[in-house]
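Next come two complexes, and both contain chain A; in the first it sits with chain B, in the second with chain C.
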Partner chain A sequence: MALLFLAPALLIMFAVNVYPVLYALWISLHRSDLRRPLSNPFVGLGNFVAVFSESYFVSSLLHTLQFTLLGVALVTAVGLASALILNEKFPLQPVAFAVFLIPWAVPSVVNGLMWKWIYDSQFGSLNGLLYSLGLIDAYQPMLGDPAKAMYLVINAFVWKEVPLAGLLFLTTLKSIPHELYEAAMVDGADALRRFRYITLPSLKPAFLLVLIYNTMQAIRAFDIIYVLTEGGPGDATGNLAWSAYQESFRHLNLGRGSALAYLIAMGTFVIAYWYLKALGREEKENA
Partner chain B sequence: MGDGFKLTRRQVLQAGAFAGMGMLLGGLAGCAKPDSEGGTTPAAAVPIGSAHAYKGTLNLYGWSAVVETIQKRVDAFTAAKHLPVNYAHTAYAQYHDAVVTKFTGNAPLDLLYSSDAWVSEWAEAGWIVPVDGLPGLAELKKDLVDSAISAATYKGKFYGLPYYADYMAFLYNSEHLEKAGIKAPPATWDEVVQQAKQIKAAGVVEYPLLIALAQETWLTEYIYAQVYSRGGSMFDQENEAVFDKAGGAAEAALQWMVDAVHTHKIMNPAIVETGELAGLKAMQAGQASFILLGRYRLSSLNDPKQSQIAGKARQAMMPRGMSGKGETVSWTRPYVISAAAAKDKDRLAAAWELMQWLGGKDDQGRYETQKQVLLASGSSFATKPLFQDPQVEAFYKEWGDPHVMQQQMDIARTKEGLLPFFSEWDTFNKAAWSNAVLKRTTPAEALKTSAAKWRDLKKSWK
Partner chain C sequence: MRKRLTRVAFYAAVLAMGLYVTSPFLWLIISSFQTEREIVSVPPHWIPQKPTLENYQALFDPPKSDSDRAKLPEQGGFVPASARDLLPSMRNSLLTALVVASINVLFGTLAAYAFARFRFRGRQMLTYAILSLRIVPDVALVIPFFMLIRTAGLLDSPLALVLTYLGATLPFSVFILTGFLQTIPKELDEAAMVDGAGPWQTLWRIILPIASPGLIAAAVFSFMASWNEFLFALIFTETARSITLPVIVATFTSDFNISFSLMNAAGVLAVIPPVVLALFFRRYLVDGLTRGAVKG
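What follows is the complex of A and B.
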């Protein structure tokens, strides 16, 4: 009876979530090239093999790893630092909190466009700031410099994702019983020890959530790259998600695009599983 | 936390049941015939019905250029033919991807804009139909310039009348040349360097040369124009890549651009970020002396409402290099009819009426839409009779030199290599050229990898 009541919702979830995923898997196992619509043979893992041997694969993978490692580390660190600050009482703290959340409310594409203007090599405010501070003699190429471009893209990503991470950390911080800190202070624990032995362990659930969520976001990052660089300059910022988009929409090769999408999904799953195992094991040991 | 993630036997069985249903449905979906047939039946083999018998609304899709003009022409069509048209558009930079999404998602499309670079791709995908044999086409084709016919022809079939046609032009700011004491625009690429250095030394602008190297659609035309102007080719008659020839025109062109940025410092190192539109605005603001742009942009450069250099922008012949005569690349953007429209003979007739109205003659026998598009934006046409139109002649004289325009058009060449996998190679080639300009690779290496990519694609296409 319960299943009957759940059936409509389950059907919709199936249609919107499960079926497309399974259909994408089916496409990835066939030569699905829109330029040859009548020829759709089963190729097994052929698309996956083809993608691995493409010239862009290694660089896309490295860029994805770079983006993920640096992006997630920065989001976590800055998010935690922000939460610790916002957890303290200070004048205009509610205003600070509201301002802190603004980047999260900005749509991804708008975020990208905004940073594109800031980074502009001719009239961007970043160049303007650096020039007025005397740090540069002349306006510098920003997104057009392959040495800088990826870091600038990561920065735009971090700016957008920090508020949610901070919010998750802050919520968890507020749930830590104050008595623990009082007892620790009575025992003579300084701020660093209280942070290490009370705050950090209590934040494990929040860490897990922040790490999993932001890793997923970073691995799948597409919109920020599309708006800021389209994988350029040259191929300096193309990641796996961008390559999947190119294969599907520009090269019309849905088979390879789906294969790449599945590789991204599997990578995300593996990393998320590893997080769960690593942090879950630590909790068991500490229990 | 770890305990909460155990699955019960019931949950596993239920998940398996759902997954099984999904596989079944996925398999059924996979067995379904694709919506579009490859090697589409030519339009002429489908009997064309009567446009007046079509009771639906035609869907016209294009990119966002001269939108008001097109809308007025569409309104006039509806008033004359009593056929409602839903006209939608998107930015040119996103147009190809948007159309792919629409075709794949079976969005309603009847008539749409295309580029010469996409005709083969969309024809192979079965998304568009040829218009051979449709009533009145033979007469209209007689008025078309040859390049417009070849640009819209694939495997011997003609796919559409032109929306507009143009070529890549070399434009300059005459005031900058005057200030630097230069009497005539450069005739060779070497002279471009000399004059740019002179302009820079005179303190007129810091980076006199602007070739927008952002990896967007226009980069393809910039590349072709520079290779052609040096007497080179990208592909031969058999569509084999020839641009990787050591010491050839492509290597010379790419090396020249690298030197322009890093050695002569006449082009901004940030040029790889600059797109065509940003380049146009920079030129309008007087920030560059020489630029490659579609010839039609000359009208907006000389429009005081849009440009600070109005009256000073001129066209010169494309500079020569090596054995070249200063040739350039031309392009045609044709209208095309969707395969979905062709499935219904009355809908096909209605779409053909709209194509003729926009890309051919209206009820009064005038090429009115093409003329209005020219007058609104300078976007040129591909129909010979319009060249003799007094209003058109007067328009050209107002912002350009018709003599130079005609001379350049006479030696403009269409793009080579427009096979179905051209877009895929083009993406790779643009990145390769960018990497060379950024000095992440040498020009020879960039061209070598690009040619290897072409050969791989050609081999796998067979």
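What follows is the complex of A and C.
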């Protein structure tokens, strides 16, 4: 009986999730070059070795790390701060909460477009704002400046991902029993200690979710880079996902593209596993 | 005095958060109502002096010839050729998202009911396996999908998008729907069974009406994910037959001849459906996430 209910969903997921993942592995282990479509010999780890020795590889890897570390840290910090604010009672709190969710619904392509316009070096509002405040004498190059580009892209990522993180923190905050805080106040614990010894430990499951989800999002970031910088200027914002796209659909070398994509997937697994280890196992028991 | 200071600091924090979240978004909307001439002001006009609907008009009724173009004095400059695919792309995006959402609700609910109610071997393992499917990034899936879709002759077909978007949405739908159904007391099923209802009838008559907030959440989540998706659409679509709105918006952003006012208007069109849905159904979405993710 159970099988009858499960069958449609499982069949679909096998066809569009499991099978493609295995097929991608097959592609990554064979020469799959669309310019030589009739010759697909098995090359073992040849595609992996080939991308390791490509000139773009180290910089893509470092950019992925930079994007992921900084992006996830900022999303977590801003998300937590927003959740703490929204957890208080104040006039218009429901309105603030609704507005807070907006970036989450914005398509990533539109998020890219929005920031591309804000960052524009000739007419952008970031330049306009800094200029009006007297912080700069003349409009500056923004996304065209290799020193700034990555930080600007990360900022755009953070803006879109903060609401979901905040929401996960907020729902967990609301589930903390009030008695804990009252008891701590009776014992004379100040606000800082109450935060350190009650709030933070109770938020552990939310931290785990936020960290894993945003690491997944950051390590595979593609849309935002496609729209904002196309990996440039030079290779200043090119990450592994961008390189995988380039190899696959601009150089038509699907084997190498799949090898890069598999590296991203494996990296995600390793980091998710590490979070689970580091933040304790209670999640597993609850799940 | 100290209390008042804390209060002021708190409201300053609220204001900072509000500005951080809203100002980029508001600026997108405001500048979509600016003329091509006004949008290049230095420093920018934060409030348009001559708000205009020209950008939207140009998108919905793009000039078909050079003489048409000359009639658009402010916009006059440039409306890209891809603008004529904008309306078809909105239709494609909408249809794809609706079909994907419907299939998610239908098959997702059936699977979730099995996970929430039946005990069978490997149930726990299967739940984890389904969740871990989403750890594989889209950029790893797009390559095998491309090969398969090309072989099946489905390039530039909306069907290709529906199938691949199911891969991106169904695991999550099953996950949140399971979380939802688990919170519905089993006694209700048992009472129905005692009255002689089979599992189908129990699901249809008893569970579904109670679980409707969960169904709405799953439908809205999968609609939004499909409407917003970019990478698959970029690779698998080409013409007005199947191209989606995010792909059109992305081609606008890489066209150096387009004014930002026109580009922003296209961005606003793409942003309206998901934002309206998210705000309107936010209680259901939050509830779905809470039951699925936080407690599950």
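Basically, the second predicted complex is superposed on the first by the 277 of 287 C-alpha atoms of A that agree within 3 Å, B and C clash if a C-alpha of one lies under 4 Å from a C-alpha of the other, contacts with A are read in each partner's own complex, and residues count from 1 in each chain.
Heads up, the rule we're going with is that a residue touches a chain if its C-beta (ideal position, glycine included) is under 8 Å from a C-beta of that chain, and two chains touch if they have at least 3 such contacts.
All figures in this text were calculated on a predicted structure; none of them were measured in a lab.
Engineer: Quick check on the superposed pair: does A:H251 touch chain B, chain C, both, or neither? Answer first, second, both or neither.
Structural biologist: first
Engineer: Please indicate which partner A:V43 is in contact with in the superposed arrangement: first for chain B, second for chain C, both, or neither.
Structural biologist: Neither: A:V43 stays clear of chain B and chain C.
Engineer: I'd like to know which partner A:I12 touches here: chain B for first, chain C for second, both or neither.
Structural biologist: Second partner only, chain C.
Engineer: Return first, second, both or neither, reflecting whether A:Y262 touches chain B, chain C, both chains, or no partner chain.
Structural biologist: A:Y262 sits against chain C, while chain B stays out of touch.
Engineer: When the two structures are overlaid on chain A, which partner does A:I219 contact: first (chain B), second (chain C), both, or neither?
Structural biologist: Second partner only.
Engineer: Regarding the shared-chain residue A:P205, is it in contact with chain B (first), chain C (second), both, or neither?
Structural biologist: It touches chain B and chain C both.
Engineer: Tell me which partner A:G232 touches in the superposition: chain B (first), chain C (second), both or neither.
Structural biologist: first
Engineer: For A:S121, using the defined touch cut-off, is the partner it touches chain B, chain C, both, or neither? Pick first, second, both or neither.
Structural biologist: first
Engineer: Tell me the contact category for A:Y23 with respect to chain B and chain C: first, second, both or neither.
Structural biologist: In the superposition, A:Y23 contacts both chain B and chain C.
Engineer: Spot which of chain B and chain C makes contact with more residues of chain A, would you?
Structural biologist: Comparing touch counts on chain A for chain B and chain C gives C.
Engineer: Take the contacts of chain A with chain B and those with chain C, and give the residues found in both.
Structural biologist: Dual-contact residues (chain A): 10, 18-19, 23, 120, 122, 205, 230, 249.
Engineer: State the interface residues of chain C toward chain A in the complex, per the touch definition above.
Structural biologist: On the chain C side, the touching residues are 10-11, 13-14, 17-18, 20-22, 24-25, 27-28, 31, 39-44, 103, 106-108, 110-111, 113-115, 118, 120, 127-128, 130, 133-148, 163-164, 166-167, 170-171, 174, 199, 224, 227-228, 230-231, 234-235, 246, 249-250, 252-254, 260, 263-264, 266-267, 270-271, 274-275, 277-279, 282, 286, 289-290, 293-296.
Engineer: Write out the stretch or stretches of chain A touching chain B in their complex.
Structural biologist: Listed in rising order, the residues of chain A that touch chain B are 10, 14, 18-19, 22-23, 25-26, 30, 34-40, 55, 120-122, 140-146, 204-205, 208, 230-236, 246, 249-253, 276-277, 279-281, 283-284.
Engineer: Quick one: in the complex, what on chain B touches chain A?
Structural biologist: Answer in residue numbers: 1-2, 5, 18-19, 21-23, 25-27, 29-30, 34, 36-39, 96-97, 100-101, 103-104, 121, 124-126, 214-216, 268-274, 282, 287, 420-421, 423-424, 427-428, 431-432, 434-435, 438, 440, 449, 453.
Engineer: With touch defined as at the start, can you tell me which chain A residues reach chain C in the complex?
Structural biologist: 1-3, 5-6, 8-10, 12-13, 15-21, 23-24, 27, 78, 81-82, 85, 88, 90, 96, 98-110, 112-118, 120, 122-123, 125, 127-129, 131-132, 139, 159, 162-163, 167-168, 171-172, 175, 205-206, 209, 216, 219-220, 222-223, 226-227, 230, 241, 244-245, 248-249, 254, 257-258, 261-262, 264-265, 268-269, 272, 286-287
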